[in-house]
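Before anything else, here's the structure in question.
A, B, C and D are the chain letters, set down in written order, and residue numbers restart from 1 in every chain.
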Amino acid sequence: MRIGVFICHCGSNIEGTVDTATVAKASLDFPEVVYATDTMYACSEPGQDGIIQAIKDKNLTGVVVASCTPRMHEPTFRRAVERAGLNRYMFEMANIREHVSWIGKDREANTNKSVDLVRIAIEKLRRDAPLSPSKFSINKRVMVIGGGVAGIQAALDCADGGLQVVLVERESSIGGKMAKLDKTFPTVDCSSCILGPKMVDVAQHENITLHAYSEVDAIGGYVGNFQVQVKKKATYVDWTLCTGCGACMEKCPSKKNPDRFNEKIGPCTSINIPFPQAIPKKAVIDPTTCRQFVKGKCGVCAKVCPTGAIKYDMADEIVTEDVGAIVAATGYDLFDISKVTEYGGGRYPDVITGLQYERLLSASGPTGGHIKRPSDGKEPKNVVFIQCVGSRDKSLDRPYCSGFCCMYTAKQAILTKDHIPDSQSYVFYMDIRSPGKMYDEFTRRAMEEYGARYIRGRVAMVYPKDGKMIVRGADTLAGTQVEVEADLVVLAAGAEAAVGAPKLAEKLRISYDKYGFFMESHPKLKPVETNTAGVYLAGSCQGPKDIPQSVGQGSAAAAKVLALFSKDMLESDPQISRVDIKRCVGCGKCIITCPFKAIKEVEFRGQKKAEVIETVCQGCGLCTSTCPQGAIQLSHFTDNQILAEVNALCQS
Amino acid sequence: MPVLTGKELRIVGFLCNWCSYGGADTAGVGRFGQPTDLRIIRVPCSGRIDPLFIAKTLINGADGVLVSGCHPRDCHYAEGNFYARRRLEVLKRFLPILGIDPGRFDYTWVSASEGQRWQKVVTVFTEQIHALGPAPRFDAVSADMLAKAAAGALGQGGNRVAA
Amino acid sequence: MAAVKYIASDKLPDWLKSLAAKSRVLVPVAEGGGVVFRPYAPGCRPVFDSDATAPPKGAVFPACQELFRYEQGKDPEDPGKPTLKLIASTEAEPTVVFGAKPCGARGFLIFDRVYIGKKFPDPYYIAAREATVFVTMACAAANVENTCFCHWVGSGPADGSGSDVLLTPVAGGYTAEAVTDKGAALLEDPALADGAAKADEAAAVKAAAREVLGEAPDIAASPAALLAAFDDADFWRDQSDKCVSCGACTYLCPTCYCFTITDEPKGMSGRRMRSWDACMHFQFTLEASGHNPRPTKAHRLKNRVGHKFSYYPTLHDGLVACCGCGRCIKSCPVSVDIREIVQNAVARAKG
Amino acid sequence: MSRLEELKTRIKEALPGLECVIGWQKGYDPLHNTPLFMRTDADVDKLEWGPLNVHNPAVYLPTFTGKKVGVVVKGCDSRSVVELLQENLINRDNVVIFGMPCTGVIDLSKVKARLAGAGVSAGTVTAVTDDGKTVSVTAGGQTTAMPLAEVRADKCGRCQFPNAVLADAYVGDPIAPAAPAAAADADLAALDAMSVPERMAFWRYHMERCIRCYACRNACPMCVCRDHCIAQSREPHWLTQDDTATEKLMFQVVHALHLAGRCTECGECQRACPMDIPVLALKKHLNRTIRDLFDYQAGVDPQAIPPLLQFKLEEDNIKERSW
């Protein structure tokens, strides 16, 4: 082998604390290294050209680049060596930036450590074999999980691009959080007026199959060929017959159930269609409150239903959908305001969330668009908004900013004045975060045109007194204590990962952060990709987002899916396990443990042997560490490669 | 060039590519300073880490071995770290019977977002290895100890560590 | 030959000390439940009354021996051009193997014909052989074990061939007879006295031991008989059924001389090593293609027995490649008995 | 008809349908029995039963792939058969298991030590008798009586499976298991009592004399890789041929860790060792760990999956370190 070693300065990122020239010089003393140099930016065009030129000039057969993390530029350099005629797997990286120069200031130690990392990269490279991918066909259907605005956008874009789309929604209607909003900032246009048509498009699009009131139960397979089991929860209404006429809701005797669509500030019937624009507009029975289920007798809805759609004996049903890609758009949930006990959320009816306030503002809400406070139905005059409830609060383990609360609070202050001209809004805030087009102008309008009084400071406590809510807090700008007698207190509850998000992530085999938000592949460069090929993210499941950001991500994820499906065949990663049948004793331990069922038993000259199914193997290497005789080896991470690395590190 | 004599000890890390290697990257991006002893070997999954790699590394003279993978339930390959957890725990309990201090090996879970956790793990583990000092070597057992072994006189004193 | 000498048991440490001052002295010592040859040090208590678990084979033919080291360098002008430095040494440390049974030393006669031949003299072996002196201890009747069969292979419990000095246990000590000049030189030590008076007693000890062994069966027909059985798969299946294919028999055999060569590179340097190999292992004849001409234990056991009692004697003037020490029987985990196999082959040939 | 004769009858009945039946017969001297491969009725007549049947015949089963064989087992041997079944290494339809209640086998090392104490060599044994409680060994013209309880294998004193765990033909009435061990066996207890550095010295001392014959491995019924063991391969290349305690110990680590959760503690590794190296202690230690961690014992349930080939989402006994 003729190995070339390239030590990257990364400007001063590496060179600042690593003597790259010394590392290059030391590399020349390692086996089979015939060329070593330091380079300013290995990943830049001149940097890559330098590598390609050296491969040609020095007849290199393998390359080591010591620079940043391979998670960043390994594909870049692999393409580069391939352009120079080498197999792309005859390449290794040593991570001397993230793992060396950025975490230590001792130049001598860093230089020394870099040499060590280059040494093990060389030892691994010496045992690399050229690999070539094989091709497999893909199923050009896509599943979108979550029918909020991000999921709707992704589904529509994919469908418009000619793909078959399966949209799975947990609730009985798509629309998500946006469907519950009255108006949207900063334009103050009607939320359902802009979302509604998109929802109708989903219903009418010939390429979209909608599974509402359904959840993903299990996911098997891999990019291009996933098998997703979708659980269609029992609605007790045959949706093929239900026309959405609403006769059942009118007659249902169980009327006092908390309406989840209205954020439980209004009642609803046990058989229910959540809102007039629901898609699909179909009724669902809640068996926990329905008298037929709870008491065993009623049957009113079945009697009044003109189409005979009521089916009390309906059971959950599992349908399997085969798709080639999955977009997760499962959105967010609200922080539980009752956790901040000093604000009295959950204890005092007139302390509500911003989303509940949206329902009070909405013409389709429980109050018909008239702001009436929950306790006594009176119109509030003094409304206090408290920002950052469950955001930017380390003590609640919610250190992050939920991003959109500042804006919707400003909107709600404006709308309050619109609805009740003689009202006064107060906003307790920490900082105003309004970095968006027309956003800051919008908050200014709330203050300046609509007279909302913004008080910079935290609220210490909220308590009831003589039919009012006393809000006591600090005005840190004035340096005084403030007390406001409020008729209604609206808490800007922070965004949290949707309930069950970690479980779904596990099914999708993607990562999630400690708060349950899904992890993107790269925070800047791969915002909608995940570490699992064929799985993409859109919207707030990745982190709190407002509507335009969510819509943008929905489109971005759709673009990724369309790009993936633009090929007829996918190339499988050749870094998979391979069986040495001479050594295999056919014990099947690899078959038992393989998480992907990628190994099967075959018969070879009358003996049992293991065989890897190339397109199914994901290259985890569990089989290699399970096989006692080392008969199944993960290419590119063979026992001998790892042992060579270990030996290189232990020899000194 | 070996470890820096008197300054560093030989600590080898086996990290899964998806979570912990990424966590170490995140720590780097965040400039979370760490001791320089650790050398990381990247593997696709903690399930790829045959406990024998660790035994071999320690028997061949490393002063410490640190393994890190995705948190349980968060494995990129769904199950690899569950198997790893069992195997690594068995190994950890096995090492002392061989005469290797169990403190020289640890395994943990660090996700790609946990740069600060990685910084802490590396710092704490490195300090732990420095507290233990350079690892005694099988090929350098003292003549005195060998004589005791020959006389069947081992295990007479105190200083027991549960095996 | 020089006259018989005598050394009292209590003088033995003096002699060993004086020998150890000049060379490495390997004596059988108890280690765990086994007896192995280890360098003599004052205070060390050699075990002379039973045969060592492992013979002193390693004294001349180490279990693993570095043949040479190499160091690669690079041409600073053209790092693609490697330079190579070989470092080899056949030098052997002067050694006295003290207190082995005669069969253990006699095993080297079988080695000698292979490694000191004209065609491929082995410098490593020759150097070590020349540097080593064997002081063996004839067996007393009580030392003769159920597994001993030196008399089958043309030897006996007091056979000095292969030894340089032969000791014989007598009351209060040992008589010492020089077998070679190298041995005679060792006897020029003040710790030894004249042993003429003890000569008769020594002769009686030797005769008694020989008596215990009894009559040896005639195995002169074994070379032909084993060859005749070569293609009898059922015969070899029956002989090898219980064999577990380990290498205990070969590694403990004083006459098994096979080796394998491995290279162990480490960065820019490396070593070439010669180490014991065992024909009972699958790898012994494993070819690079994956093909193995001796794929089963039956093939391999056939080779071991055939080599010792047929192929080797056929090539080497009838010398059986076995010293009859019985270690292969005694140390076999499943008690495979080579005597039985040879006799079965002979019986089979007779029909 | 004695139980042994009844067993022979049962074997003879089954023999026509079998490649062979594996058992034991007398060996080269009265102290040593040796495995017997019965193919004819005359072979069956050689069958022995008693405390000298030290070998575990399960070791031979995987070599008979595709052929139907019989095997006579002690209780401990049957656990190895079960483990082989569990791991798909033998086919239940191709093995006929013959069992008898076992009251224990001798540990030859202990017998040798006794004889050495009496001043005679174990190589000169001329007669061995046993009455179920005492083994009497005649060597060098003198007879030494040894209570079986004192010279039997460690595993026998605490045997929980004196009757075959699984048998197709069982002769005799099952007997009660021994009381579970209250304390660790002496070898493991001795290691437990050592400090960590002392244990290193212990292994260094004992591994020096290893001759790398791999008898420990080849006598192990669970070492199914055998010809393809990583100890002797270059691809993968785990060990060098260096004659050092480190390489030798590393092999013992390979053996032990490959057995984790699979070892039935039959003790063949140590019994087979010609150099008498106490390698069984490593497996005893691992088995204790496996029991503590997973409440599992190998070779008891043919349906069970070995603990390292499965997992639980929440492990009951693994407490992870918080940093």
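A few comments on the model shown:
Simple rule for what comes next: a contact is a pair of C-beta atoms (placed from the backbone, for glycine too) under 8 Å apart; a residue touches a chain by one contact, two chains touch by 3 or more.
Everything quoted here is computed from the prediction, not taken from an experiment.
Once CA atoms are averaged chain by chain and compared with the all-protein CA average, the nearest chain turns out to be B. Centroids built from CA atoms put subunit C at 44 Å from subunit B. Mean C-alpha position of subunit B lies 33 Å from that of subunit D. Centre-to-centre separation of subunit A and subunit C, using mean CA positions: 71 Å. Residues of subunit C in contact with two or more other chains: 31.
In subunit B, the positions touching at least two other chains are 51, 56, 60, 73, 79, 83, 87, 150.
Counting only residues that touch two or more partner chains, subunit D has 205-206, 228, 233, 238, 309. All chain pairs in contact, by the document's touch criterion: A-B, A-C, A-D, B-D, C-D. Within the complex, the subunit C residues that touch subunit D are 31-34, 36, 49-50, 53-54, 62-64, 142-148, 238, 241-242, 244-248, 250-252, 260, 262, 264, 273, 275-276, 278, 281-283, 327, 329-331, 333-337, 339-340.
Chain contact summary for the complex, subunit D toward subunit C: residues 20, 27-29, 32-37, 55, 59-60, 109, 112-113, 120-121, 123-125, 140, 205-206, 208-209, 211-215, 217-219, 226-228, 232-234, 240-243, 268, 271-272, 274-278. The part of subunit A that touches subunit C in the complex is made up of residues 2, 28-31, 33-36, 58, 119, 582, 647-648, 651. Remark: subunit B residues 1-4, 7-8, 10, 12, 17-19, 21-22, 24-25, 27-29, 31-36, 39-45, 47-51, 53, 56-57, 60-62, 70, 73-80, 83, 87, 111-114, 119 touch subunit A in the complex.
The touching residues of subunit B, when paired with subunit D in their complex, are 51-52, 55-56, 59-60, 72-73, 79, 82-83, 85-87, 89-91, 93-94, 96-101, 106, 108-109, 117, 120-121, 124, 136, 138-139, 141-142, 145-146, 148-150, 154-163.
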